[in-house]
Structures are given as C-alpha cells and as structure tokens.
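Let me begin by presenting the structure, written as structure tokens, before commenting on it.
Chain lettering (A, B, C, D and E) follows the sequence in which the chains are written, and residue indices restart at 1 in each chain.
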Amino acid sequence: MTALNTAPRTSRTAPARPVTPPAKPRNPWRVVITVAITVAVILVFWSVKVDWARTVNLPADIARYLWLMFSNPAWDKVPEALWQTWRSVEMAWVGCLLGIVISFPLSFLAARGIGPAPVRFVLRGLFSLIRAVPEIVIAIVILSVTGLTPLTGALALAVNGIGTLGKWGYEAIEGVHPGPIEAVHAAGGSRWQTVRWGIWPQASPEFVSFWLYRFEINVRASAVLGLIGVGGIGDMLTSYTQYREWPTVGALLIVVIIVTVAIDLTSGAIRRRITEGSRVRDLA
Amino acid sequence: GTGSSASPEAIKDPTELTLALVPSQDQSGLVDTAAPLTDFLTKELGITVHGVVSKDYQAAVEAMGAGQAQIGFLPSLQLWQASDKYGARTVLQTERNGNISYPAQFMTNNPDKYCDDKPVERDGKLFCNGADALKGPAGLDSIKKIKGAKVSVLGPGSPAGYIYPMLALKEAGLNIDTDIDKLPVTANDASVLAVYNGDAEVGFSFWDARDIVKKDTPDVGQKVVVFALSTEIPNDGVTLSKDLSPKLQDKIAKALEDYSNTEAGSKVLQSIYSITKLAPADPKSLDVVARAAKSLGLQ
Amino acid sequence: MSPETPAGAAAAAPAPWSIRLRDATVRYPNGVVGLNKISLDIEAGEMVSIVGLSGSGKSSLIRTINGLVSLSSGTLEVGDHRMDLARGRELRRLRGQIGMIFQGFNLAGRTTVLNNVLVGRLAHTSVARTLVGAYRPRDRQLAYEALDRVGMLERVYHRAAHLSGGQQQRVAIARALAQEPGIVLADEPVASLDPPTAHAVMGDLRRINRELGITVLVNLHLLDLARGYGNRLIGLRAGEIVYDGPAASATDADFERIYGRPIGDQDLLGGAASSASTASPVSLPGEPV
Amino acid sequence: MSAAEYPGLPAKPGGRWKIWLAIGIIAAITAVTLAPGIGVDFSLDAILRNWRNGTEKIGQLLVPDWSFFPRTIAPLWETIQMAIIASVIGAIVSVPLSMWAARLTNPNPVTRGIVRTLLNIVRAVPDLLYAAVLVAMVGVGALPGIIALVLFNVGIVVKLVSEAIESGDPGPGEAARAAGATQTQINRAALLPDIWPPFINQALYAFELNVRASTVLGLVGAGGLGLLIDAVRTFYRYDQLSLIILEILVVVVLIDWASAVIRKRVK
Amino acid sequence: MSPETPAGAAAAAPAPWSIRLRDATVRYPNGVVGLNKISLDIEAGEMVSIVGLSGSGKSSLIRTINGLVSLSSGTLEVGDHRMDLARGRELRRLRGQIGMIFQGFNLAGRTTVLNNVLVGRLAHTSVARTLVGAYRPRDRQLAYEALDRVGMLERVYHRAAHLSGGQQQRVAIARALAQEPGIVLADEPVASLDPPTAHAVMGDLRRINRELGITVLVNLHLLDLARGYGNRLIGLRAGEIVYDGPAASATDADFERIYGRPIGDQDLLGGAASSASTASPVSLPGEPV
C-alpha cells in the first residue's frame, strides 16, 4: 500500500486526497475450501506411485509409433474399415435417436420448476444410475434380450445416452435466461406453454449441440461394444492394436479421423446455423 | 437372435442358429469372421448359422444362457462355466499342432536369479530350466524364488495368465495374497511388455506370448526369458446350448469333427482359429480348470 | 365482471380493472425489502406514472401486481379477485388479463417476432395448440394488429435477437397489447427509445387507456414524461410511497422528496442544462438498501 | 394466404423447405440404418419375446453383496486417485486449448483450425488404443492410464468448453479490445471470468467420466475398479458387481451435486 | 505528439486528440451501410453530442473511431496517426488512448468491479502480469480513483452482475476513465439512469472535457441533454451527417431534418406532452435500411 503514495502523479486527474478502497472482504469458507482442495490434490499426486521420469522419452516414442503406423499404411484394409465404420455409424445413429426420443421429455420433467419434486428426484436418480453402470454390463443385460446383434449395440448406446443426455438436458434447461420464462408466466401461460415458448427457443441450440456430440461419442463407443461381438470400427482398431499390426492401425486411424472430422464439421455447421444470432465477427 | 428357453421334453429346434466364437488368447492371428465355418454348417445342417466373433467371455456365455447363441467356441474355463451355469454340453476340444493342451509360462528379465542353467535359444527366444521342452510342467522348482518379487498377472478368469500359475505358486508353498507383489494387466502382450520394460520382474502369460510383441520389440526373445512352464491347460473347445435337441447336438458335433478331418476343413479352422483338428471332448479335463479356479477361492 | 374468455370464442373487450393493495410488503429471500407496507387504490381506467430512484421499488411494485413477486404480507386485489390468493388456472387466467412490458424486454431472442407476440395469446390457447405452434387465426390476427400498432409489422418474421434495442422494446409492447388486457403494467417502456419513438409509445399507452379504458401503470425515469402522460403520479422511495397525487400538479418540492435531494432546473431533462457547469467532484446519489 | 391475412403483412420468408429437407434427411438416414441386411435390423419381436431375460438379469443386479465391500475399498480409492490426477492435469491443459479453439477467444482461423483438428484426432482415437500404445512406451502402471485419461479429458473438455465460449457474450472482450488489450489479455482479463463456470462444470463431468473409464486404467495395469469389475464378471458375481455399481453411483451423485452447487453459486 | 507509454513507465497526461474522417464508409458484411461517406473534423478538446434515430449509425460512428468496426473505404486519423492503417501493437497502443463506454456496458459479470475497471489498464500492462492478475500499484490506484469519481468505490469488490443497471453504467465509465484517455467515446451512457444520476454522469463527462481537455463524443437519445452538454451537435440520419453545428443554437428545423419528421413541442422530452393527445393511429418512424 505504501507504493500508492509514492506513485507518480499526473497533474490532471489526481483528486486532492489519495484514494483508499474499502477493505477487501474476506470469505473464510472460500479460503478453507480452496486450501482443502489444493491439499487433497497434492496428497493424491504425492501418494500415487508414478515414475514421471518415464515421460521424458515420450516424444521420441510417439514419433517412432507414428512412423510405424503411417509410413506405409495397409490400404488394403480400408474397404473393411469403411464397412465397420458404417456399422459404428448405424449403431450410433439408431442409439442416438432412441436416446434422444426417450431422454428429451424426461429431461424436462427432471428440471427444477417443471417436474414435480418426486418425479424430478426419481429421474435424476435414474440418470445417475445409468451413468454408473459400466457400458459392458448394460450391453450384457440387453444382449440376453436381443442377442449378439448390432441392435444390441444400438440399444446399449441408447440406454447409455439417456443417462448423459438427460443430465445435460436438465442442466441446460435450468441454465436458460429467466426473462422469457417470466414473460410467459406474466401472460398467463401454463407449465407446458412455458416450456414451449419460454424455454425451448433458448435451450434448443444447446440441445442440438448435445445431440450431435452424443452421436460423435456413440461412434467412438463402438470400441467397447465391439468386445461383445457387434462389430464397429473401434473394435477393429483395438484388435489390430492388440496384435500390433501398426500399418493396419495407421490405415484405420486415417479412416476414423476423416469420418469424425467430417461429423464434427457438419455438426459445427448445424450448430452455427441455429445459434446464428450470437454470431461473432472477427475483428482486426 | 432366435430361440428361447424350452422344456427338456419337447425341444423344438430353432430355425436359425448363432455361433459365438471367442478368440483364444494363444492364437497368433486375428479373427475377423467365422464365415467359412458358418457357411459350411449352414450347408451341412440345412439351418442358417450366423457367426459372431465376441471378445468378451462373459458376453458369449450369457448369450448361450439366454438362448441367443447355440454353438460356442469358448476357452476352457468358459466351457466349464457354460455347462455348470446353463447346462450347455461340451462336445469337442480343439487340437493345435497335435496338442490338446498348452502350458502357461513364467517369464523374467532377471535370468540370473531364476535360471539354474544357462538359457538356451529356440526360434530366437530364450528358455531355461528345461522350459525349452515347450511342454509343461517344467522348471517349477524355481518358482519359489518369486517370493517378494513384482509379478505381472492377468485377470482371474485367465487360465494361463492367472489360474494355473497361481495354483503352481500355491503348491510351491507361497501365499499368493501376501508373498508376491501383483501388477495387474489385462492382456498377455501387456504382461510380456511389463517384464520387458522392467515394470515387473516376473510375468505370467500363455506360451508363447512373446511372439505378439516381437514386431515392435525384436529383442524381446533375448531380454525376456521363460524359466518355467505350468502343468498343461486344456485347449478351448466347442459347446452346445441345451436349447438344442440331443439329435441336433450330435449332428452338429459330428459335422464339425468330420469337417476338421478333411484337409479343406482343417485349413479353414487353422486360418480362423489356428486349430488343426477338433476331437471329442473329455469333460473331465475341464473339471481340472474348475477345480483349479475353486482352489484359488474364486468361486 | 369476471371477463370469461373461453378458448375458441372471440374475447370481448375486457372491462378495465382496479387494483387494491393493503399493507403490502415484499421482502426478497436475501432480506432486502422491496416494498414496505404499501396501501394503494388504483381505480379502473386510471393512467398512473410511477417514479423513483433506481432501486426504490418501482419494478417490485409492478411485478407484485401480476403475481411475479409474491407478497410477504398484506393483500392484493385485482378487479374483484384476490390476486395474492389465486393459484394455478385461476392465477393464469388473471395474468392473462394483465399485460406486462418488462424492463429488459424478455424476448426469446432465437425465435421470430411473431412467435414472441403470440406469447401474449397463450392464456387463450390450449396446450396442444401451443406445443405445435398452431395458433388460431384470430390470435394471429391480434398479434398482427398489435405489431402494426407499434410499427413493427414488417419485421414479423425476423428473429427477435436481430432487432435494435428500440425495436425489441416495441415488440415487447406488442406482446402485451396482444393479450387484450384489462391492465397494462409497463416497466420503463421507453428507456431505449429515441424521442419521437418514445412519445409515440407513451401516446399509444395513453390512447389504449383513453379509448379502451384499460388501466395503465408506467414506471418512468423521466419526470417530464411522467408528468405529461400520467393522470396520477406515484413517487416511491426505499419501498414506500412518498408522493401520490395528480401528475400535472406535482411540484419540485414533491420531486425533491422522491429523489431525496434538491431538484434544480438541471435535473429536469428539459431544463437548461448549461447552467449545470457547477458540477464539483461528483456526488452521485446512493440507492436505498 | 399470408397476403390476405393482414394488410401490410410481409410475405413469409422462404426457407421453410430447409426444415422439411432436414427432416427428410434424418428420416432417410434412419430408414437406411434400420434396414435389414445393411442396417441395425430393428426387431421389436425379439424384444417382446425375450424381455424377461433382461429383467431377470436386472433382478440379479438388484441384490448387492455387502460383504464384498472391504475388498472394493482399495480399488475404488485407486480409481479415484487416477481420476483426480488425470482431471487436474487435463483441466490445466484444457484452459489455454479451449481458448485457442473458440472463435471468440482466438480470431485467427488458421491456429484455431489446427487446434481443432488436432483435438478432433485426439478424440477420434479410442481410449483402449491409447492405453495399448502407451503401455509399450512408458511401461505398465498408473502412468499410461493417467496419460490416456488426460488425452481423453482434454478432448472432451476443450470441445464442450470452446462451444460454451462461442455461445457466450462477446461484449466484455470487445471492451478490453477497445482499451487496447492483446488477445491474450482480452482472454485472461475479460473473458475468462465468465468462462470458468462452464469450464468447472465440464471438468467435473470429465472427472465423472474418468471414474467410469476405469476399465482403461485396468487395461494398463493401474488396478482400480475396472480390473475388479472384470474379475467379478468372469465369475458371474452379479451381487458383487451390483455393489461396485452402487459405489460408482455414489461418486456420480456426489459429482452431480457438486456441479449443481457450483452452477447455483455462479448464476 | 505521439504519447509513448511504454509499460512500466508512468504515463504522462495524454494531450487531447483530434479526429479526422474522410469519406468514411462502413458497410457491414450483410450489406447494411452503417456510415455513408462521412467526412468529419473534430478538434482536440471538443465535446460533441451525436443524435439520430435508432439505427441511424450513431454506434457505428463511435465504434469506427476506435477501430472496432473497420472502414470499407475512406480514411480515419486519430491524433497524428492513421487509425485505419494501424495494426497490432500500434493499434493497441492507439486504442489504449481512447476510452470507450459501451451502450450495453460490456462488463464481465462474474468478476469484481475492480477487475472490470482494471481492464482499462491492459494497454499499459504486460501480458505476464495480466495472466497472474498482478497489476502494478499505480494501475490499481488509477482504478480506485476512477471508481471514486463515479461514486462506486465502496462497491469495488462486488461482482459486476450484482449491480443495478445504473451502477453498471458507472463502472463502465470508470473503466474508460482508468485508461487516462485522450478521447472518450460514450455510446448512450445515460440510457438507464434516473435523472439525477444521468446529469451527474453527463456533468462528469463535461468536467473531464473542460478540466483535462479530453475530447469527448457522446451518443444521446435525449435532445435536451445533447443540446445542454455538447459544444457541438452532430445529427445522423441513415448513416449520413444531416446536421453539424453548435449545440446550443440547433433549431427545431434542424431536429426535424435529423428525425425526418416535424418536431412539435411534444417531441422535446421537456415539452408540454399533454398537448399530444392528437395521437391518431400511431405512425412510428421507420429506420433506414
């Protein structure tokens, strides 16, 4: 603080008296929580047995594996890779669609201010439960119903999707700006009218964004589903990785990357189209 | 998917069959499809047979239990579980290069400690303590020295990566809970690499998992020495769901066995499953696995 | 009274409504007192201006009247109905009769101007129609009329977010008009408008008050507008009514009471501001807690 | 129609056909993905016939074996440990990357494109593959698991946060630009304060994912719940599996609660 | 001239700067013409009010001057520098000399008032210091002074989002003052303030103009404020200058030209609005395309 008085002053703006701000408010809880979290993280880092020195060679190793994979990719595996990619995409699509259809109404019922408290509680529990069950276990339960078919994969993805989409959904709904909701209330709108004209116009871009992202996740989740035998590009990738056929892995990766980048670009374009209003100009 | 559980008296055979093939860990190639095999069976049985390659043991067994798969090519422990849990019948056992069984191997990167003799080289890989016989059991006297060492082990469902080596240690007088420092891995190649990289002093795997990682680490045969082999583990085999009538079961078993005896059939089986022959199963040989698993307190 | 407007039937022009507050107190969850024991009678068909410093409770008063903020104590009657006791369908029906123009517009930015105005018809539209957006022709017609009235008809299919501040303000007014309300509550409806537009909007509010007899309450920052357009002026300070009387005859002393400091010529926006060069180290008025 | 509807009403803008086109495309893709042979072959019949199998399995999952609890403590702790480390490192790395990847915080389309493409690639590779390759590089143990999870986290957090940034308010950034700030200063002083709530939210979500992704950790020998799940699955101990799921559920609910608290506080 | 303010050294009081536009045209990417061939000379130390309808280009003009909107054609000189050609460090340094008060405040809502005001010091702070938030004591001192000046010092550690509209406005003004600017550009700085506060803010702008000689440009909706506080008045219509002259002597005919329709008494906010009961079906002025 002493520095304030010696700070060079210009003749112009300086008020006659030195300006002292009010005392900084203290928030003991904040300090306690920050310290607690920091200490916990440090303890965890300290307690885990990891030889960090091993990461030194990582760049060289990465270069070596990249060379192994991409110096001479096994192009002959590409047709099969494309077929398996289609498998992944179709399971992802059906799973995503089903997940959306089911989670969409549920996420509204689970949002504060829309669903009655008991319903909300049950639904949130359900979403959490689904997210707690490992994918493979969900797949095995469904497998006993629909067998070792891609349908099982799609259904497993759908069930899984309900957990995440439901959670994202009610979070997005609760996060919308309250103004338009208030306007609907003030005009005498009922609960579902509020949902349609107070919430949905605001939350729709987020929803679409989550749906597209979920689709992307589903395409990649086929690695796990591949284990049970329903195929997919992820399964092919891990299999060849386990057998260390790097040229094939390289070719597969090229396919995967092209496909997922294409999905990302498409979804980005769709999202931009929806949120157009908040478009930002690039400035000099 | 087809079929549903049926009462034993009046079994109506399904109009479609599903064959679940779980790749065995000790095969060198990669199984993508069981198509040649299912094509053959479809023709032979007059019933459409779909093939599915599943890499998850539990998924395959549960599929058989729920009537979603009727024919299973499963590893030994799962063969036994399918029959124990769901009444499936193990009909055939596979033969590789004339063997109907295979050993688990104990590997080390510290041959000075575990080898009583000088390691010898076979096919570019080192063995000691007579493990170069390539037939178990061998060198089991030396495994007492594992006490206190860091050991890479697979999941408890793996006969070669867990059950048999652990049983051997137990029989050698070690307490498997306290006497060794377990480094869990989930695949045989990882177990080899753990020893190769020095993360573990000793590792378990099927014989000879070093071949898998040889492509990346050509010197694995020199750095990782196999110093003991466990008693022989039964090969994988073919099991049939109880949803099938005994008549159809026999028909399938016979068709497969005959197929493996033809030169063309043997070639197909070799290509997709690295087996040379299918022979009638001896259910008792599976009991060994079950007993091994039980004695480790896993059931 | 009780203007029943069953969905499907054309609504009759609603009778103007009175507003009656008795010892109304609003205490926000964080302890701030927004309104402090206010008693107030507004007759059907009055046009009332409300002025006061920022934070004096103007918005709180307006929001209390249509039930967006609930009373901590006291009673509120709107028309013949106990607004403070109304719940569910009854509350929605009452609110449907009260048009509200929000300080921050409260438009759904990503949907069209038309859809925003149609929100004003929700109280008369079934949920099924709402969900698919299939409003009846008569409701659309009312929306067009309201937009026409504020000069925004040509923007009917634009996104609300693409409009300038003044234009958004006008859409918000159209939404309230589309309700065919018995009462209009306007929270600083001209804050972001240029003078001609501001006067047009105020004139419009006065016109619906005079021609249709709708009760109108307007929060204003501009004293002259408050004086010029209201029949009655209410001054708030720290959640209490410090002035209540005819608008035209409010004196400088009254404003002094409302704003808590002497009001010189320079404080009337119309005043000769050039005389305000006295501005010494600025002391801005603090708000009431 | 619209012309007659009201005098002076402008014509409805064109472009509604685009919505129908989109619906058509979605319907077409769905039809293809459901087609027998090349598609998923949706069979309601099988579901109706065999749904009992599924409820039976779920029934088995509903009876936890509480006596198994002591054996799950160590793996649970290990999993949480890994998850914390990976989340913290991932979160730290994600802050600058998110800003690089969003238009609002990085107006340069070239660097933005590079970062986004790299992250797309990072996300495209299955975590199992990372684990397999990393074991060969840095050996078995916690390290490859942590690295795999960090990559996984960065991919997700950066994607979700950069999207949150783009839909945010450009105003404060503009104010800082008008005051002569560099892009880095703009990001730090004017935009970061409004970004951190979604950021914390996504970082917590990634933490939850990490707990669930413990199978990856198991694969590379870091132990944890993944390995235990594999073990109990091998012997069909649905009662033990159910206890483990319950434990993960507790963690998930706790994280949910934490992120709800944070959301409420920063609103 | 060229006020060099290397980071670390104390800034000398900047000399007031002039602004020179020649045939300046701003065409937005969507084709809308914001400014149409404007030529304008503003001398150092002037205080200029800018009025015009909503959408007439007031904000565009202000934003052009500090380079937030770039010219499609024409030239812009600020002080001795070609602002339209400046890039990178040079542009940032120039912007550091121009304080800007935005129409929508543009505060970072989730951080403190202090941090928002310190944004005004960024041009004089190294990136490293910014990253860790370690502003120099002198910069902090300037921020406190600026806050004190607008009466917001006691709120220094409050979150910006927790302030009322008028308070946010004042923080935004403090941010501009903290820059120690040579030019202040204010885009409707009093739109959400009550009259006493509005006059205090305008008085403050006039004071920095008179005492420190800082060039001030203010966009205003209120004619009387524009007339009362500006030395010079510029009227915009559809992106073109339709009036430029002394503020005090602007006539009703001039305003008529600016607003594109006759200005009666009722259009001056101070006028006797009660005479405006003529309001027939309202015809609001349309904006320029």
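Remarks
Here, a residue touches a chain if its C-beta (ideal position, glycine included) is under 8 Å from a C-beta of that chain, and two chains touch if they have at least 3 such contacts.
This structure is a prediction, so every number in the text was calculated from the model and none was measured.
Listed here as common contacts of chain B and chain E: A, D.
Taken together, chain B and chain C share the touching chains A, D. Comparing chain pairs C-D and B-D, the larger number of C-beta contacts belongs to B-D. Put simply, the C-alpha centre of chain A and that of chain C have 42 angstrom between them.
Centre-to-centre separation between chain C and chain E, using Cα means, comes to 30 Å.
Chain B has its Cα centroid 38 Å from the Cα centroid of chain A. Residue numbers of chain D whose C-beta contacts span two or more other chains: 43, 46, 50, 53, 57, 132, 136, 139, 141, 174, 177, 233. Shown for chain C are the residues in touch with two or more other chains, namely 281.
Residue positions of chain B touching 2 or more other chains, listed in rising order: 1, 58, 62, 66, 68, 187, 213, 216.
Of all possible chain pairs, the ones that touch are A-B, A-C, A-D, A-E, B-D, C-D, C-E, D-E. Across the complex, chain D meets chain C through its residues 5-6, 8-10, 12-13. Here chain A touches chain B in the complex through residues 68, 80, 136, 139-140, 143-149, 226-230, 235-236, 239-240, 242-246, going by the rule given at the top.
By the touch rule above, chain B contacts chain D in their complex via residues 1, 4, 57-58, 61-62, 66-68, 77, 81, 85, 152, 155-157, 183-187, 190, 193-194, 197-200, 213, 216-217, 293, 298-299. Contact residues of chain A toward chain E in the complex are 1, 3-4, 7-8, 10-15, 18-22, 24-25, 281, 283-284. Listing the residues of chain D that touch chain A in their complex gives 29-30, 32-34, 38-43, 46-47, 50-51, 53-54, 56-58, 61, 81-82, 84-85, 88, 103-104, 107, 109, 116-117, 120-121, 123-129, 132-133, 136-139, 141-143, 146-147, 159-160, 163, 166-167, 170, 174, 177, 201, 208, 212, 215, 229, 233, 241, 245-246, 248-249, 251-253, 256, 259, 263, 267.
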